[in-house]
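Some notes on the structure that comes next.
Letters A, B, C and D name the chains as they come in the text, with residue numbers starting at 1 for each one.
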Amino acid sequence: MVNVLTSGNSILNQFISELRDSEIQKDSLRFRHNLERLGGIFAYEISKNLSYTVKEVVTPLGIANVPVLTDYPVLATILRAGLPFHQGFLDFFDKSENAFISAFRKHHKDGTFSINIEYASVTEIENKVVILCDTMLASGSSMVLAFKELVTHGIPSHTHIVAAVASVEGLEYVKKNIAKKDITIWVGAIDDEMTAQSYIVPGLGDAGDLAYGKKH
Amino acid sequence: MVNVLTSGNSILNQFISELRDSEIQKDSLRFRHNLERLGGIFAYEISKNLSYTVKEVVTPLGIANVPVLTDYPVLATILRAGLPFHQGFLDFFDKSENAFISAFRKHHKDGTFSINIEYASVTEIENKVVILCDTMLASGSSMVLAFKELVTHGIPSHTHIVAAVASVEGLEYVKKNIAKKDITIWVGAIDDEMTAQSYIVPGLGDAGDLAYGKKH
Amino acid sequence: MVNVLTSGNSILNQFISELRDSEIQKDSLRFRHNLERLGGIFAYEISKNLSYTVKEVVTPLGIANVPVLTDYPVLATILRAGLPFHQGFLDFFDKSENAFISAFRKHHKDGTFSINIEYASVTEIENKVVILCDTMLASGSSMVLAFKELVTHGIPSHTHIVAAVASVEGLEYVKKNIAKKDITIWVGAIDDEMTAQSYIVPGLGDAGDLAYGKKH
Amino acid sequence: MVNVLTSGNSILNQFISELRDSEIQKDSLRFRHNLERLGGIFAYEISKNLSYTVKEVVTPLGIANVPVLTDYPVLATILRAGLPFHQGFLDFFDKSENAFISAFRKHHKDGTFSINIEYASVTEIENKVVILCDTMLASGSSMVLAFKELVTHGIPSHTHIVAAVASVEGLEYVKKNIAKKDITIWVGAIDDEMTAQSYIVPGLGDAGDLAYGKKH
């Protein structure tokens, strides 16, 4: 199941339009901040699907019975482009444990590239709800590889896969390569095309470069 | 119409439970941060009701037609308790103009109190969408007085009245004293009772004191 | 004594240059954020003059004797232009109590104006260190009136008066009208001139309008 | 040269005491926020050593000649523990390019461990000022390995090496293994001892675990 948060209008559209805009992108502080705000919105929407337990809370003036999160989800992200997006999730799920996985595009001389997982720092995820976020879901390879790395550390009870902007092709690739059971996909916008180098079109360019500078 | 954001479960419940908890309240940084996060969530939910215009955006790789906010709403709040809540709205609606209105509880010797508007710094609001937020909607007097002060500066096209926690009585008072047309009310939670001093029970105590310290 | 933080170079200069720049000012999110960052820097510099007490802290691996703030200063500001600057102080002094004072420029038909204090929400300040900040110190009237309002609530042990940008004339006015004892003045930059309407030249314009929108 | 920011008292001491305190550490939001605030303070202190160029800025009321940063430093950090600290630097140096390097402790059966660099995403650094920060400088191996990885991408004009808390032994190791020329070291506090597993005593425990959860 794919939830598209821009199927209806909201301030999320404004943030995504700013992320896409090559003029506004020159302000990397705003670029990162837009990803953080998006992270907060996705966190909130996903939180509607989590489990809550009613707790008796002592206020200065009485007792309130209020639902609190039964368990915080684990927040996983893909380096480096996922970091500002993850930051937004972590601001809302501030007690969550986290996982960081690197996905590195290795460009070959013939113009193709492969994606390597080099680094994975993963907390205990067995039987937990996991939110795996990356800014872009282009070819889908990084997301699928990151997911496969994750599940070597334990089997989540449910995984929410999240991208700010996804391609049609990348979504198909994820659906084909990750068992549909116990998976929910969330995206901000779906774009139709990709370049030969697997950049989404119109997309927004290279999210990692825009947030953190061009790689050497 | 009253929208209660906690009618379904979400991370908003977690934030409200922390706001209410007299132990967690000792950390005023977290108290303020919870109000900011609530402000972001309300901003997002309210933004689903605003107007959007499709704009052609040039990305580094193409052109995207994306909806952007037609106009930013004016963000009004009541001093001082509304400030951290307002901060959350302003973080999401970062291009908004703002209005600050003070409401001061003047306690009389006989135990009663009246509320005075002493300060109002209001931007142009004629025919604009206004979001008027305060942390608590207890008796409802501050909100009604602030609204009445606001409309001396112009008539908004629509006003969203927002409180993190409201009392049943306060909601009734607002509905009775503010014309229902062009008004939408949003609350995080509704509590049943009030003390003789018009504090909500169970509520969370004095939001201004908890965020900024006891008044002299 | 007047401490000018830009007497040596630091990132503070960058922030002040952005605050002044009429192009960069169009981004009110960055304008407010620059004031918050300035607030953090001033908070840090002023904190070097506060009292610390050595406390025994239990770490996961041992015991450390570390100096902690003996008392948090009270953070006072002037509405509405001082709010984002104050926010930066409060982020660093997160346990501080606060005071908010309104200063309203009442423009008269003959082109002159007077400043009225309409609202003051002040915490206990007797014998405490107080930091009173405002973004601009132009004529100095607001700062002096706010200080005089403050001391009707108690006599601070010391007051730090802070402005991001000050005029020569305003500084003279403050020095003349506030007893020098137990007062330290901190500014980011000092400008030479003022307009007939008491705006600092070159200054940065109206800080309140730039942060929050033009007043009606 | 080693600059110890706690040689005089400031709010930095308060933040370090909270980072160390095993009770306060239970709040991982505050733990991360303390590292962010520390990052801001270090950024500001280091910024006093950077180059500035006077620029003519047009304000709404005149022209100001103000010094601005000639070049933003590159911000490098070590994953994952360095991330919240780096976030504080990036908030102040918002136009900086960045480098992320992973250092992974591989524990061997005999109780020893080695540190591997697995991931390095590095921007152009040739002839630039680089700030390489990590939360803890324990044995010093991660910092030295990260530095050696960095310089395979170019030779910085100057490198600032920063740690919130360092051990005496780690500092010696860094001084011995990194050429002293064009290097400045900055630390928040220096602790005397280390455990057999190279944790600083009294230190603060495992910064990565405290910020992001125990690794699987």
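In the analysis below, a contact is a pair of C-beta atoms (placed from the backbone, for glycine too) under 8 Å apart; a residue touches a chain by one contact, two chains touch by 3 or more.
Just so you know, these numbers come straight off a predicted model, no measurement behind them.
Engineer: Could you work out how far subunit C has to rotate to sit on subunit D, using CA atoms and steps of 5 degrees?
Structural biologist: Superposing the C-alpha atoms of subunit C on subunit D needs a rotation of 180 degrees.
Engineer: Average the CA atoms of each chain to get its centre, and name the chain whose centre is farthest from that of subunit D.
Structural biologist: B
Engineer: In whole angstrom, how far does the Cα centroid of subunit A sit from the Cα centroid of subunit D?
Structural biologist: 26
Engineer: From the C-alpha centre of subunit B to that of subunit D, how far is it in Å?
Structural biologist: 39
Engineer: Can you list every residue of subunit A that touches 2 or more other chains, as numbers and ranges?
Structural biologist: 29, in rising order.
Engineer: If we count contacts the way the header does, which residues on subunit C are in touch with subunit A in the complex?
Structural biologist: Counting only subunit C, the residues touching subunit A are 27, 29-30, 33.
Engineer: Show me the residue ranges of subunit B that touch subunit A in the complex, using the header's touch definition.
Structural biologist: Of all residues in subunit B, those touching subunit A are 6, 8-14, 16-17, 20-23, 25, 37, 40-41, 43-44, 47-48, 50, 52, 55, 57-64, 66-69, 91-93, 189, 191, 193, 195, 199-205.
Engineer: Can you list the residues on subunit C that touch subunit B in the complex?
Structural biologist: Against subunit B, the touching part of subunit C is residues 28-29, 32, 74, 79-80, 83, 87, 90, 94-98, 100, 102, 104, 118-119, 121-125, 153-154, 208, 212-216.
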